[in-house]
Each structure stands twice: as structure tokens, then as C-alpha cells.
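To keep things simple, chains are lettered A, B, C and D as they appear, and every chain counts its residues starting from 1.
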Amino acid sequence: MSTNININVHHVTRVEGHGNIVVNAKDGKIEKCQWQVPEAPRFFEAMVRGRSYQDIQTIVSRICGICSITHSLASTKAVEDALGIEVSEQADKLRILMHYSEQLQSHSLHVGYLVAPDLFNAPSVVPLVAKAPDAVKAIIRVHRVANNWSDLIAGRTTHPVTLIPGGLCKIPTEQQLRDLKKELESSVNVLVAVCEVVQSAAGNLPQFERQTEYISLKQTNPPTYTFYHGDITSNDCNGDGPVNIRNWQKVANEYVSPQSTAKWTQWHRDSYMVGALARFNNNAELLSPLGKKVADMFGLKKGNTNPFMNNVAQLVEMAHVVETSIQMIDDLLTRGLKSETVKVSPRAGRGSGCVEAPRGILFHTYEFDKYGNCVYGNICIPTNQNHANIQKDFEKFVPEFMHLGQDALRHGMEMLVRAYDPCISCSTHFLNVEFV
Amino acid sequence: MTKPRVAIFDFACCEGCQLQIVNLEEEILDLINVVDVVEWREAMSEQSHEYDIALIEGSITRPEDEKRIEIIRSRCKILIALGSCATIGGINKLKNKFDLEEVKHCVYGKDAHMPHLETGMTKAVHEVVNVDYKIHGCPIDRKEFASVIRALLVGKKPVIPDYPVCVECKARENICRYEYNEICLGPIIRAGCGARCPSNGFRCFGCRGYVDNPNVEAAREVMDKYGLTVEDLRQKMVLFGCGQGPTV
Amino acid sequence: MCDCCSEQKDIYLPEMATITKRRMLNGTELFMHLEMDSGKELEHAPGQFVELSIAGLGEAPISISSSPTQKGIELVVRNVGSLTRAIHKLEVGQKIGVRGPFGSLYPIEQAKGKDLVFICGGIGLVPQRSFIRYVLDNRKDYGKVTVLVGTKCYDMRLFREELALWSERRDMTLMETIDEAHDCWNGNVGVVTTLIPKVESDLPKSVVLVCGPPVMYKFVLMALAEAEVPADSIYVNLERRMKCGVGKCGHCQINGLYVCQDGPVFRWSDLALVPEAI
Amino acid sequence: MSVSKLSKEQFGQFVDAMLAADRKVIGVVAKDDRFQFDELQSASALRLDYDVTILPPKKYVLPQIEPLLQFEVGGGAQSVMNYEPMILLGVHPYDLVAIRQMDELFSQGEYDKHYMDRRKQITIIACDIARPSKNIFASSMETAVVSDGYDILITDIGDAYLLDVATEKGHALMSYAKALAPAAAADIEKRQAIQEANRTGLNKHKLACKPSYLPKLMEKAYNHPVWLEKARLCFSCGSCNQVCPTCYCFDVQDQVNWDLKTGQRVRCWDGCLLENFATVAGDHNFRKDRASRFRHRLYRKAKYVPEKIGGQIACVGCGRCITACVADIANPVTIYNRLMEEQNLG
């Protein structure tokens, strides 16, 4: 078995955005092992300056096509925080419902279209259509349910339009909510079927463990497996948490690491992980029954340290959001939907918004002048927070799996990157990368 | 008949338009029945240099991207710009309103001079290479995408509207935003989206770019009538494809 | 037909025809001969047009270029868009959809006994040819026949063999010109209006029939006015966008007139109050 | 046929009975703070007190997109002609007049079987106007009240509806009505009073001449400066065409299915104000200027269409284009009155 390794994956495929893997090893000695991001920078924080508070969502939604609802929600919450706007309970519920649709949309896309081919040894989902047509159709079905769901509540599946500071500019009808509920109910079985298919190939997930810090939101009042409200917490918090989201900079301490090119984030350790596994590790006991059931199917337990299990945690969350949403719809229908008008007047101020993107915790902060025009913006994106952790995983993964040979190692590393569900295009405006 | 080979490439963008192709759901199976998708980094590992149709997502922002798009152009028969970033420069063109050095400093601080942060003025694809067709929108409309592709496959010029969003907005029986004294760019923006935003109670913010001959002067003059200002109009007009045509 | 009878036919449904002959007249114009699959004749009159279609690609109004005195119909299609490109790819034996004939006719009766002057610009020769051939087949009904043909450049000339035959006929006069000089051309050079003064018929007493590209009409009509041709003996053949061919869709309207029904052949005097005509 | 009476409650039961019998009923319902025609689920949603709908009922008579043919790509085609019966409930007199005009236009000359077959399946329950919309001028156009053309005409007389059943088709529907009583003389008087009031009172904009004079008025107006003045602000957005009950221009397009072997030829609404309405291959646009398109619409309403349908003016005074035009230039009354004024001066 050769111990000379030369991996240079220029643009990992089946991830959002561009990332490279570079590994050089001679005689078993690792000379270089890097995770790099050459995505074209897009300068959103600069571009929001001078724009009206009304347009912030429209602009920053375009940071990422896959988590556009999340960016919209985080920025809208930040605008509301800055301008001191209250949101009604109904709007709050509908927004969470909107947010859940994106969790399902994004997770099903990621697990179904991007990760599943790895598990079934296919280069993409296209050949899978011939190999496992039923499985592909099941995943398409779940994805379609998610998209119809966001179309209904967000106005579009990508780049929502119903979200405005203060509430929503269009709400669904009660009949539409009843129809959605039916659709969600009927998708439960399909979802379970998808889980079973993935379970049948779960053995192909590498056995790899690394202790790290897991950061996510935590909501205690009422206790909720939260994506939208709450404070920032981690498994390492020890008297210094939870942290109010306005102080997110204290958590995402950005620093330049001497042995790497990327700007990393750290809180209690030299790297941390965000995303489904982090949320699971911090909140697992609050999952819905179906969420718990799926976790059990895969033997996923709180405190898991295998990053590949992030994909399983995503399946768990898919089950959780579907089940929870059915209940939320019942709630909304019992109260009856009322049309609400929101009146907003601009004022000077600074505010932050934080929500859980499908791929991890996301922070937005803006400052406005008295006309409501933006003077400052700062955004910290989950994938950015995961880069350091990916690099640290690589450093442990390469020596452990080098014996499998160059091709298997490369494949394993690509899978590892994909396990994080990286959304590189949105993370890059913070990254500093040097080309080899 | 051999299936046309299609490749999908992305430049500076949010990849939301590619996502709309995925969002065709079941129709994706129909699509791959009639074309061979030979390269699509976001969705598959296969790669190829031989293709008939290239779908380009994203704006051109760096010199190396200009080279890349020229190579793609030289390899394909039909080049389609996919989505606002590609057709009009999209939201990325907002950057052109600022001094580039200042923009880099604003976002990257002292690290602004790292070589990979090199960035130029944002360009739409047609500002660099010849574009055969444009599928507008941020993101593109799945239905429109599907019908353009089908038209091309049977050898027909796809119907890409050159009339304002108001046409489709009226067809969807919406109450005009102006009736609430709110601003909307619908009257000068190209239709094709089914007036999605106004249908959802939101203004048209112009993601599809202007119609070929927008009456910008009229847009400016009607502001007053609705208690709005030219500055309000300007704020909205810069968002997508900033500087694409006549402005106020 | 009456309203109440349910056996009305669908005016939008094409009938199938088979291409029996085809050849390129020049780089962009395809000549075709069609026969209806029903075995029937269309029974058109000179001046009328059909809606030609390939299902999936669309429909286009195309003038009938042949005389009703012959079997089947002849058409000439210029390759300008996706439908016409697809038509160009069809082979002999292949099918094409036909609706029609539609539209008004040339003044077959009114022109009897009079001298006729045809002024054709470019593809405008195509519909005119229908009437010219009709006149030649009923030669004794009409007076002197003069045909003026102007073409942009030498390579674009249509129906060359037929023009050659016409030029040798003693019962008609053919005058041809091309806009730009060419090595192989030793005939007239200049736009078609330059031929008008050379017409030997008594112009004010002749019936003049004009068809050509939109830009041509203004100049020809000015020249005819100068030659004192009265407006009611001038006929123009106009083109507009058309979607139905049967006076419903509104696209072909010239002010209050419908080109598909009131035209395409109009008496110039009827257009006096129709400012959009030219 | 005679006029009968139903209490409001009974009328609701009548509508529900039609729905229970699986009749497709299109009625007027609220859309936010406006109204629209939509398929009724229950009588409770019906709003016969509406002022005007955003789109006219033409969307059911001439749908926005309608398949004409089904075809095999490059091959033969069949007509698509299966039209289901439908009841249009709550059509205001001006909209009824517009539908009648369209009936004439689609049946005269070449008979449009698609339009006419669909139309024959539609039963129209018209309804007298209960409240004026903000831009109505039906009184000026003599379309505020109708005495024929409907299958049933209903009038809200306060506590009950009067039903004037005019045709066999209308009569057939009455089997769904229970407790139908003949209208009393006093009721008929109430109805007359309402109709008389409407005949003159629905006039937010007042046309300075009889509508029948309009074709004559237009004869000398072609080069009037008003076209340029107004059209300067025209967006060419065609909103005025879309919302107009008498505009019926259409486009025809071929759509292919994913198999690339089959498809349909559809017709869809078009608008003469749209920039490329008169553009032919080679990009020659026969109505290139905004002003010429703007003028064309008003000429069509006042002259071209009337010439085809015995002098009836193709503007019924619904006022929808006035509301729809963001530039606020579409008001036909303003333009015709302006032409009148200057004609009187000159």
C-alpha cells in the first residue's frame, strides 16, 4: 500500500459553492492537508449600506439560494430588533412554519440528492434513478411537499417574498392550511420510507469520531427543539452560557490561525461544529416522537461525535419538523387566521437576528440611521463557522484513513465535507484563503 | 436522435437558479429523458468538456471568470444565461455603486489584499460573451425554464416576454400595490414570472430586469401621484442589475 | 352556415397537405408545391393566402403563389424564424398543416379588358405571381401586361427560369432591376421605382398592382401619383402580423380594417382614410 | 316569463341547491377589500352587493389560456372542445353587454366554434348593480340597466331578490329554487325604482355626448395632440386591455410536452397596448410608438368595433381601466370629452 498521497480535488462536487481539498503525504508523512475555499467573493455587508430597511431581506436573501428563507428570517428579525418592531403571535407561528419548510426542503435535498449517491456508490442522483427508482421518487415526493409548503407560506420556494418587517404581507387561507396539513400527514410514511432506505446503506458511513464543541440555539421558555427563538448555547457552556443572540460576536470569535489560510471561529476550543448534529446534541430530549423514533432507528444518541452522523441528524429533524408542523397548523386553525396590517416607522438603531439555518446557526446584525437606511451590516454564516472544524476533522481523518489508499481517502474526505452540508457560496465573504 | 448534451455552470451567485432545476421535482426525470446532463457540479460528480447547451448561472466578477466563460462559449452551440445574476448582473451589481477597494475593506478589513479577493466590476454574462437566450428572474421560474428548454429542443424560438409584469399581475387578479400607495416596479420590469411577488402582496423589485423599452420617465412622474418620491423609486431601481438602462 | 347547426367546423384546425415538390429559389426562399390530403382543391382566388403550420412550431400566413387554374398550390417561404426554418427542412412527401384560403382577392373581374402593371419588390413577386399566372392563363381577358420586378441583389432573384420565359413572351413585358450592381448582371440597376417611367402602357388608364416590403410602398405610391394613376386603379398587397387569419385575434388590424379579411389586397382608394396602411 | 321573488335566505338555499347538485357556479366573492369572480364553494361566500370585480367575467367566456388543438409535433391535430356547463352568477349589466358584443364578434363572419360552444354551455344570472364602484360610468354608456341578454336577472330589493327569468336555460335552473313566489306589484315597483336610479346614477365620470356620437367624433380626432400628451406616460403595460370586458385580442402559441412528441396549440389573452403587438418577423413594428398604440385602443372602442357590430360602442363604462392604469391616463371619458370640447370650439 502506497503511503504517498497526492489529492487535489478542485471544486468538490455536490456541495453548494466551490471548495477544494488538498492533501500531500510522502512516505506516510503528511506535508499538507487543507480545506480551501476559492469561491468568488460577493461583498454583501458592503452592498447593504445605504439601502432601506425594507430592502435588506430582498438583498441578503440572495446570499444563498438554499437557505434563503433562513437568511430572510435572520435579517428581518435583526431589522425588527433595530427598529423596535413587535411581531404578532400569529405571524411568529407562520414564520416558524415557513422556516420548517426550508429545513425539510434543504435537508431532503442534501440527504436525498447530494449524500445518497455516496451511500449507494453512484456519482450522482441521475444514475440512481435507474438503480433505485422508488427511493428516488420517494425523496422527490418529500422534496416536493417541502417546496409546495414554502411556496404557500413564503410565496416562493427560494427567496421568499411574504416576509416583511413586522409580519407577513400575505398569509395563507385556512383552507390552504388544511390542505397543507393533509399533505404533511400523508408524507409521514414516505419520509419513514426514505429513512429506511438510508438506514439500509448507513453502514457505508465511515466510523470516525472526534470530540468537539457543538453550538446551537436553545430555547427554554417553553422548552423547544428550536430553530428560531432562544439563546446561544453549547455542550461546553459552563457558567458562561447561554449567550444572548445580540452578543453573538462573543461566541463566534473569529481568528486567523497560523497553520491555516482560512479565518476560523472558536469559542471554548479551537473549533466548533454547527448544524443538525449540534442541535441534536444540545436539544435531543425535546424532539417530537417521530424525530426520536428516527434517531433510534439509527442508534443516534445525544453526545454523538461522528460528523458523518450529521446526515442522520438531518433525517431526524425532517421527521421532527413535519410532525411539529402538523400540530402548529392545528393550533393556528383553532385560533382562526386573522389578516393583520403592520405599520412600521423607521428610526435609528442597531439590532441582531439569529436563527438556525439547516446547516447551522446564523447571525445577522445591522445598524440604521434615522431614515431607516442601513449604515452597517455584519453577517456570520454557519458554513464559515464549520470550516475550522472541517479542517480539524481532516487532520484527524487523514492519518486514520490513509491506509485505505489515495482514492478511498479522497472519497472519504469528500464525503466528510458533504456531511457538513456546506453552503460555501454564502460563507465566502468572510473567508481568507490562499491558493496553492 | 441523440440527446443534446447539457452542462450547467455557476459563477458568482447564490445557486438558487440551479436549485430551481432540482425543484422541477418529478419533471427532472422528464428532463433527463430528453437531454444528457453531462456536467452539473452542484448535483453530480461527472464532468465533461463536450456539450451542446451551456446553462450559465451567476455574474462575472473576476478576470479568471472571464477566461472561463470564454472557454465555455467556445465549446457550446447554445449558451443560455440563467437567472438575474447572469442576465442582468443581479444583486451583485449593487457592488458597482461603490469603490471596489473600499468594498473590500468594508468586508475583509486588513485582509482585503489577499489575492483571491481580487474582484472587478460585476458583469452580466452578455457583457463578456455572446448570449443566445436569457431566462430571467431571481430565481428563475421553473415553469418558464421548462418551457424554454422544451421549445429549444423542438427547434423553436422560446417565448420570452417583452412586456411588463403588470400584464401577468392583472391576469392573476391582484390589487395593484399602487392602490395602496406602495411602490412597485412592475410597470417597467419584464414579465414571465407570473407576477409572483405582487401576487403575494409584495412589490415587484425588478429581479427580471427592464423590458426592452421601459418608460422610466413615466415611472418617475407617477411617484408624486401616490405620495412617493423619486428617491423611493431610485432605492428600488438599484437593487437588481443596477445601471442596466435608463435610470431616474 | 348558420349559428344553430352544431356541425360547424373548427376554423383553427389545419387540414393536412403533402409536399409534392420543393426546391430552393435562392439562399433563403423555398418553393413548395402542396396537394391536400383530402384530394380536394383549395379553390383559392389570386391574392389569397393560407395559414401554414407545423404542429409544435406554430403557424404563419403565406401567400398562394400559384394560379387556381392549376392543380395543388404553390408557396414560397422565406426562412426568417423558427417556423419557417422548420418548413425549410421538410422533404418531398412530408406533411404540413394548411388552413384557408383566407383574405381578399385581386380584382380579377374589375381588371378585365384593362392594361395591367405589376410592381413587385423582392418576395412581393410571390403573391403577384398568382395573379400574373392567372392572367396568362386567361390572356385574352386582359389588355397589356407589364411586370416590374425589383430585387435587392442578384443572388436573391426569385423564379429565374420563369422570369426568363416571361421575358421571351410577346404577350407581356417583363422589366427587371436589382438594387446593387453585380458582375453577372447587365440589366437595370436601381430600385423598382426607376422602372415605372419605362412602362409603355397608358399608366393613368391601367390597373396597377403593388406588392413588396413595407418600405417600398411609400416610394412606389408617390411615383404612381406623379404618373397620375388614380387611386382606385391601384391595388396594394399588405402584410401584417396575424394569429388567426379569420378576423378575430386583432393583430393584423390597420386602423379599422383587418388585413386577413378586408385584405391583404386593398384598393388604394379604400385606404385613403386609413393612416396606418403605409 | 314572469318575475318571481325569493327571500335572501331562500336565495342562498337556491344557490346551495345548485352546488349540491354538482352544478359549477361561478359567483362574485371578496378578494381582500375588492371582488372577483371565482368558483363558488357555498352561497355564504357570494357577494351580490359588490361594486365591481377586478377582472370582468370574460375570463370564463374567453379564458386567459385555452387549448384550441391537441397535436403530435410535426403531425396532425385534433380540436379540443369539451366545455362543461357553468353558471355565471352576479354579472352586472355592463359586463353582460360586453359578453353579448363578444358573442356577436365571435359568431359573425368565420364562426369561432371554440368560443361559441363554450358560451352555449354558460347560463348567465345577471344582477342589477347594488352599489357604484369608484370609477363607473355605465349610465353614460347606457349600459347600467339591461332588459334582455340574460338568462335570469336578479335585483336586490332589500329583504329579497326578484328573479326575472328570461330564457329556457334560466327556467331550467328554477327547479333548484324552493318557495318561489310571484313578485307583488309593490316589489316590481321597487325594482323599477332601483333600475331607474341606476340608469342615470352610475356616473362617476360623465361623457359629454351620447355614446352613439362617438364614431363620428373619432373621424376627425386622429391627429389630435391628446394622444401624444397622454401616451407620454404610458407604460405599454396593457393593464387597460387586460381588465377590459370588451377587449378580446389574443395570441396563439404552440406548447410542447416533455415527451417532445405531443403538445397543444393554445390561445391566450394579448393586448394592443403591448409593445410588440404588431411586430412581424424581421422586427418591423407596424405600431411602434406608444401614442399610436394608445390611440388604437380608444379608436377600437369608439369606432372600429362599433363598425363591426351595428354601432354598439365597445366601452361599457365599467371604469376598470381607470382604476388599473398606474399612469392614470386610460380614462376614456376624459379623452372623449376633451375631443368633444375642442370640436365644439373649432
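Basically, a residue touches a chain if its C-beta (ideal position, glycine included) is under 8 Å from a C-beta of that chain, and two chains touch if they have at least 3 such contacts.
Quick caveat: nothing in here was measured; it's all calculated off a predicted structure.
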So which has more C-beta pairs touching, B-C or A-B? A-B
State which chain is most central when centres are taken as means of Cα atoms. B
Which chain is most remote from subunit C in terms of Cα centres? A
Cα-centroid distance, subunit A relative to subunit B, in whole angstrom: 25
With centres defined as the mean C-alpha position, give me the subunit B-subunit C separation in Å. 43
Go ahead and note the Å separation of the Cα centroids belonging to subunit A and subunit C. 66
Centroid of subunit A to centroid of subunit D, CA atoms only: how many Å? 51
Shared interface positions of subunit C, touching two or more other chains: 56-58, 81
Check each residue of subunit A and list the ones that touch at least two other chains. none
Taking each residue of subunit B in turn, which ones touch at least two of the other chains? 154, 156
Report the complete set of touching chain pairs. A-B, B-C, B-D, C-D
Where on subunit D does subunit C make contact in their complex? 68-69, 71-79, 81, 105-107, 109-114, 116, 222, 248-254, 256, 263, 265, 267, 270, 272, 277-282, 284, 286-287, 292, 296, 299-300, 303-304, 307
Subunit D-touching residues of subunit C, taken from the complex the two chains share: 1, 3, 8-14, 16, 54-59, 80-81, 84, 95, 97, 214, 239-241, 243-244, 246-251, 253-256, 261, 275-276
Would you tell me which residues of subunit B are touching subunit A in their complex? 11-20, 22-23, 25-26, 28-29, 32, 37, 40-47, 58, 61-62, 65, 90-92, 94-95, 97-98, 102-104, 106-108, 111, 114-117, 119, 138-139, 196-197, 199-202, 205, 235-236, 239
Any idea which subunit B residues touch subunit C in the complex? 154-157
Provide the residue numbers of subunit B that touch subunit D in the complex, in ascending order. 27, 30-31, 33-34, 146-147, 150-151, 153-154, 156, 159, 162-164, 166-167, 170-171, 173-176, 178-179, 186-188, 211-213, 215, 217-219, 221-222, 225
